[in-house]
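There's a structure below that I have some questions on.
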């Protein structure tokens, strides 16, 4: 007990990393053998993590040296200057290399929105896909060729909702399509964000406005596209035909109270749903589940689209969209040895470490190229590497700014209210618009 | 003097009649029986409502982790007692428990000691400014713990000083948890002890002082033992609350067992961002409750009745 | 012969200290005994509160490293009280009536405190009574009744989350079918309020029960003998002896339970209801302080407003009690 | 107004036996006093009657009704507890009126009765005091008032006057007798004060070690004690006992300093048998002033004298120069004599004394049972004098 | 072994004055008894000496040392509390040895002393009992043992024998005297038992309502009471008081039934002044047997007789057919007489009595101060007889 800070470079990761990442990869990637590297398991829960880092950094603790940070809340840390500015600390060639190699959205959530400087290093990305039970689909008359098509060219929500409803009809499972629409941060950042995006909606207009300038961007939650996406979600559950599109009832009412563990419990754990939206981790889970016979029966495709890209004006919206999740590595400015810390950090970008991260803990590389090359061989992701690459390319980040945590809260509260019919969609969005504007104007 | 409390040892009816009508007849003849039956009913009701969730928790612990989401009824879904081993394999859960036990023990001792002195002053002495001072103590508990947190956190990390004094770095040490928690639980303990110490008849303290104790000696040799129900209660309440405390103990320590992380850290480590091992959490909490249950078994003996009976003639 | 040793001038400083203490006046002695407590409280409570209070007088500065901006006096308080602070996820109180009852922090908090304390007191009495009786196996009954108090809040939350989770537990089903609960009780403010209140009552009745039990055990049993001979029925014995004599302990228990209930936070988060659904006052504090936004000034303001509200509630409480019972020696 | 009957009451505390096998038949309206050494079971007996202690076996009847299983509140009794046991949270008024309030008496009636009871115990001005603000005797009086304010079938009083001064005690005694007479209530009374026992009771129950020794009117217990224990216990200072044996001429002391002549055939004992002679201090008379039927002269020496005001206790030793063993006043070779205050008795002087033969007692040394009371004439065994306490109404 | 000196002690509880202005000078090794009616301030006095009660004003010195501000533990005293105050969580052994344990006596010594103290109070077999498992008298004995096990400079005992039976009381009395003699400890003792006060004390302090009335050897208090209060308080049953006035011939009762002839110039009062005549019951004599210097015959009628065993109380009324008001034994027109057990006094008979003139007392009716003790000869005012209790060691 006592100071675990010692002299090693400590990376605060999670349990999975701490237990499964082979440290040797760092040395293979050229880190001096002199440097001890330790990976500790920080809090698993993302909110707890952020709280823990707030206090660690506030306190000027020297350990951990490197912190694995959710791209959903890294920018506030950057804005306040709580973590080290990598562009100031590291040579620009390396910075440029990282920026060029990595998923763009990941880089943007690691950068200071005012200056564009990269303050954190992308670590691994995550994005949701649509996962479904091939066996049930087969029983309903679908075949591998359908699956292959979907894997790169997902159906629209009109089609997909009807398909799921049809398959559900013919199966003996309780649920059709399960997804996460609880009133929680994941709704604002991800599941609603991507649904809205595929219909061409956004919180603050253009994707260029995602990371600011706060106060100088429009609040666009009252747009038709946003309302349409809410109605689509309601139609999926209630089938009332509120949306202009023809969406078939295909999801249980429970989803309005569900988050990730509930859905994977229903879909993977209990094998009790036809299809599910979820992050890559469930692919690995299904892999180990006999119901999916070693993954053979798991179908994965990019998220269905609402409107095609051509139908929407805004750049980057429409078509298939996945919410950009993922993790970044920030450097503790109070570290005892900045040089060693940066040496370790630099190695993270190497293929060796990325491969080790994929092999051990099972996280995808943050470089699209490596996703295709490395994931192709991965036992779980191998079959879906193409799909994953497409999803990664079409990822949309949440609008992270220092006020986002507060805005996010307003978003999920209002959206969930609208979903459940506690408020009409337009009333909810009007309230939301006011709340978001107030926060913008702080 | 007090034989009025008839031991209810034969709470199980030994009547062999068994028939309801028989029972009613005898109940009319002996109203005690009705009373006893009512007591038993109420007792069973309370036991059921308190124990049922715990029973169910146990069933979750015994369930197959991947099948909890199917629903758990009165019996485990699947049967997988290995959770009780797995909790130690995934993380050093025993170390988390050790940490929390250390916090709880130290805080309880510290709080009982300080609160005893204060409780004695408030409960048994007359002095100017008593009410305002008691109020000041009470007011502390009006604030959400978060209101204390940031300055303390900075203090314990040597970022700021208190009246020019910079304490040693207390972050991620037992001190960083025990000291703030002492302050948090002190008001309750002070009030409990004030109440109980105040009720001890003066005569007994007088007797002790005549026998040659100091005032302090009388407190610890007579007042405290005679207030055993109150002291034990304050102790149990503080111990358990600290053992399970999740705010300061969570934020004032790192997340790893080596960094003096408390039980809560251990338990929530079975919950990753997207996955919750309910069975492990259940198993861990059952294991974690064992030391507390043991403590309660021991300490409740101190909550014995009629401590002052036979002491005084008045 | 008098052989009892007289206290000679001892060279042992500890002994001298004790002797010095012994000769203090009652008042000085009282202050001496209070020094440790107030020392601890000064460093760990009063001083941090003072700093936090100062924070609340400044503007929030979300974008820079400074965290707080200009001195604004009591503006933060005005903003919060008039519902003008957008950083709060839910309004403190919405006088326009636009926000449902269970989404207004103040109302939720007060409702929670009143309901839970009333039930906990009643149940606590029942439990204490059961724990006080003598019968075989009483110790195990005591442990059983105290056990919920020993369950960490995370687990308590998980337990009730699961019990009321429509797919895992079985408590929601029946309630849904009779129309008490909606499809997603944990996202519905009313349903979630009920769930968190029940969870709280389940856990903290033991707190009440323990204190009441301790109070009961301190009563001289011969008083019951007297009452019995005087002809008191069990209810009258309770009314005339038990109740007045445990009143001080009961008062402490209810006081602290009320304070605690008005600071409710953990169970709301842990039960999955979440601060957005059941927004207690403490929720607002924690959310604004520890959300990544770190709106310290707003958080500090809400913390102080919370304390003031609790203080007001406690005052009402104590006054009511004073009037009803003619004042006990508290 | 009720008879009280204890039948074969036995009370064990664990392995200790507090009461062995007690039978007591108390008549309606009787005033009974329980006396006996500390720890003999008086309080236990009274608590058994009250229903506060469940006897291990045996039955209790009040007013012909078997109440063994009835709770105290249904037994129609009021009680003064030995440990006083006032309600610390109630003031004197509320303490006294407690039983009346329980029975929902109307306020005026309560006021009236409390007033009267407070008057009786001389506590009028103190009704709003708290018990903690009173002296020991004042508390005890509150306890008495609390009992007498009600009008129960029976009063149980466990040393109600222990902490009162002589004057108040006399006053209270009179008051209790008045209440007894007025209400005709049965009273069971425990006291260590022989004067109380003597003056107040219709009958005294002498208990030793959980066993009833004698249950008779006070004077009978005094004049015709049933056995050695009662003889020694009743009367203060205690009776002188002289060990000896029966001869054909009467009694001969083992120590040889005393012979008492009488006809041994009048007692139910064989010649040669070991017996104990009992003489109360007031029946030891200086031989010079003694008249009537007295024993032969005994030569003694005065040791200590204790002037008590209205009498003087003189400790005598039979051997010159010996000193009285004050810790064992009944030790062989010493005698206690009580003389009037005017008597001129110095210390360490020779003094010859005689015993008043008509007041000597003879006990069987083995069974300790009384053999004779008064040795001048054939012993009378019937003790029917009128009971003194009932005579003064 | 210490003198105890109270100087101008005053104690107020709020507006109540418990002690007014008490001065007591207790000599080293003296055995002092405080007597007085319930609530007069005895316990308060004793607690003030102990340091448990802070006097409102005045100083307390023990052994010449001003201890007014010293804590109880440094005053070198042991105390028996009126309310007993045993430690309920300790067994008898621990209760008794508590003070020794505090003083870190070695175990063998503690054992020995506890054994001896338990022996003294006759509690040998009960050392492992808890207080709640004992009878009232047993508890009181534990409290006594707890005090005597130590060897303090002074003992303070507040009614230590109130709950003990006569036999045990005599035994304890002897034991206390033995301890007193052996250790030469100063003892301040509170009792309501006049026999105790009489036999044990070197001096008696009679207190009324917080005021010292007389502080003198017991017999002096009995024979030469300083005032009406002491006269009425000391002695049981109480003195008869007859209101009247001084004439040239002596005393003439207001009710007219009694004249006592003596030379009024021997008393410090004017002829015609209202005075009160006092006569103890034992100095009221049936005129037929009376000898010596007695008053003129008074014709009375017997009302109630109370046989007490060794004496009989006879209530006399001066008017035929009147009954004694038992609640006010001193009421005008009635007299209480005490006669020997052999006296043949019936009820409701005429009886002429006389007073023993040498034992009559005369008090000023206004100031209540004693004017004379014994009226046959010029009154003596000095009361120097040797103190009886100190004579028996």
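Note that the chains are named A, B, C, D and E in the order they appear, and that numbering of residues resets to 1 at the start of each chain.
We take it that a contact is a pair of C-beta atoms (placed from the backbone, for glycine too) under 8 Å apart; a residue touches a chain by one contact, two chains touch by 3 or more.
Computed from a prediction, not measured in an experiment: that's the story for all the values here.
Trainee: On the document's contact criterion, could you list the chains that touch chain A and likewise touch chain D?
Mentor: Both chain A and chain D are touched by B, C, going by the contact rule given at the top.
Trainee: Which two chains does the highest number of contacting C-beta pairs join?
Mentor: After counting contacts between each pair of chains, the winner is B-C.
Trainee: Nearest chain to the global Cα centroid?
Mentor: B
Trainee: Report the inter-chain centroid distance for chain A and chain E in whole angstrom, where each centroid is the mean of the CA atoms.
Mentor: The answer is 96 Å.
Trainee: What whole-Å value do you get for the distance between chain B and chain C if each is reduced to the mean of its CA atoms?
Mentor: Measuring from centre to centre gives 14 Å for this pair.
Trainee: What whole-number Å value describes the gap between the mean CA coordinates of chain C and chain D?
Mentor: 60
Trainee: Could you grab the centroid distance between chain B and chain D? Build each centroid from C-alpha atoms only and quote it in angstrom.
Mentor: Whole-Å distance between the two chain centres: 55.
Trainee: Quick check on chain E: which residues sit in contact with 2+ other chains?
Mentor: If we look for residues of chain E contacting two or more partner chains, we find 71, 73, 82-83, 103, 133-134, 136, 150, 163.
Trainee: Which residues does chain C have that touch at least 2 chains other than itself?
Mentor: 22, 167, 220, 222, 225, 228, 290
Trainee: For chain B, what residues touch not just one other chain but two or more?
Mentor: 1-2, 4, 68-70, 150, 214-215, 268, 276, 306-309, 312-314
Trainee: Got a list of which chains touch which?
Mentor: Contact pairs between chains: A-B, A-C, B-C, B-D, B-E, C-D, C-E, D-E.
Trainee: Note which residues of chain E are touching chain B in the complex, please.
Mentor: 47, 50-52, 71-73, 77-79, 81-89, 98-99, 102-103, 130-134, 136, 139, 146, 150, 163
Trainee: Write out the stretch or stretches of chain D touching chain B in their complex.
Mentor: 47, 52-54, 69, 72, 81-86, 131-132, 136, 139
Trainee: Please give the residue numbers of chain C that touch chain A in the complex, ascending.
Mentor: Residues 60, 62-65, 67, 86-87, 89-90, 165-167, 182-188, 274, 276-277, 287-288, 290-295.
Trainee: Quick one: which bits of chain B touch chain C in the complex? Just the residue numbers, please.
Mentor: 1-2, 4-5, 7-9, 11, 39, 42-43, 46-47, 49-51, 53-54, 56-57, 60, 68-73, 113-115, 117-118, 120-122, 125-128, 130, 133, 136-152, 155, 162, 179-180, 182-183, 186-188, 190-192, 195-196, 198-199, 214-216, 227, 229-230, 232-233, 236-237, 240, 243-244, 246-247, 263-264, 267-268, 276, 278, 281-282, 285, 288-289, 292-293, 296-297, 300-301, 303-309
Trainee: Show which residues of chain D lie in contact with chain E when the two form their complex.
Mentor: It is residues 13, 35-39, 42-44, 82-83, 133-138, 140-141, 158-159, 162-171, 174-175, 177-178, 192-195, 198-199, 218-219, 222-223, 232-238, 280-282, 304-310, 313, 326-327, 329, 338, 340-341, 347, 388, 391-392 of chain D that touch chain E.
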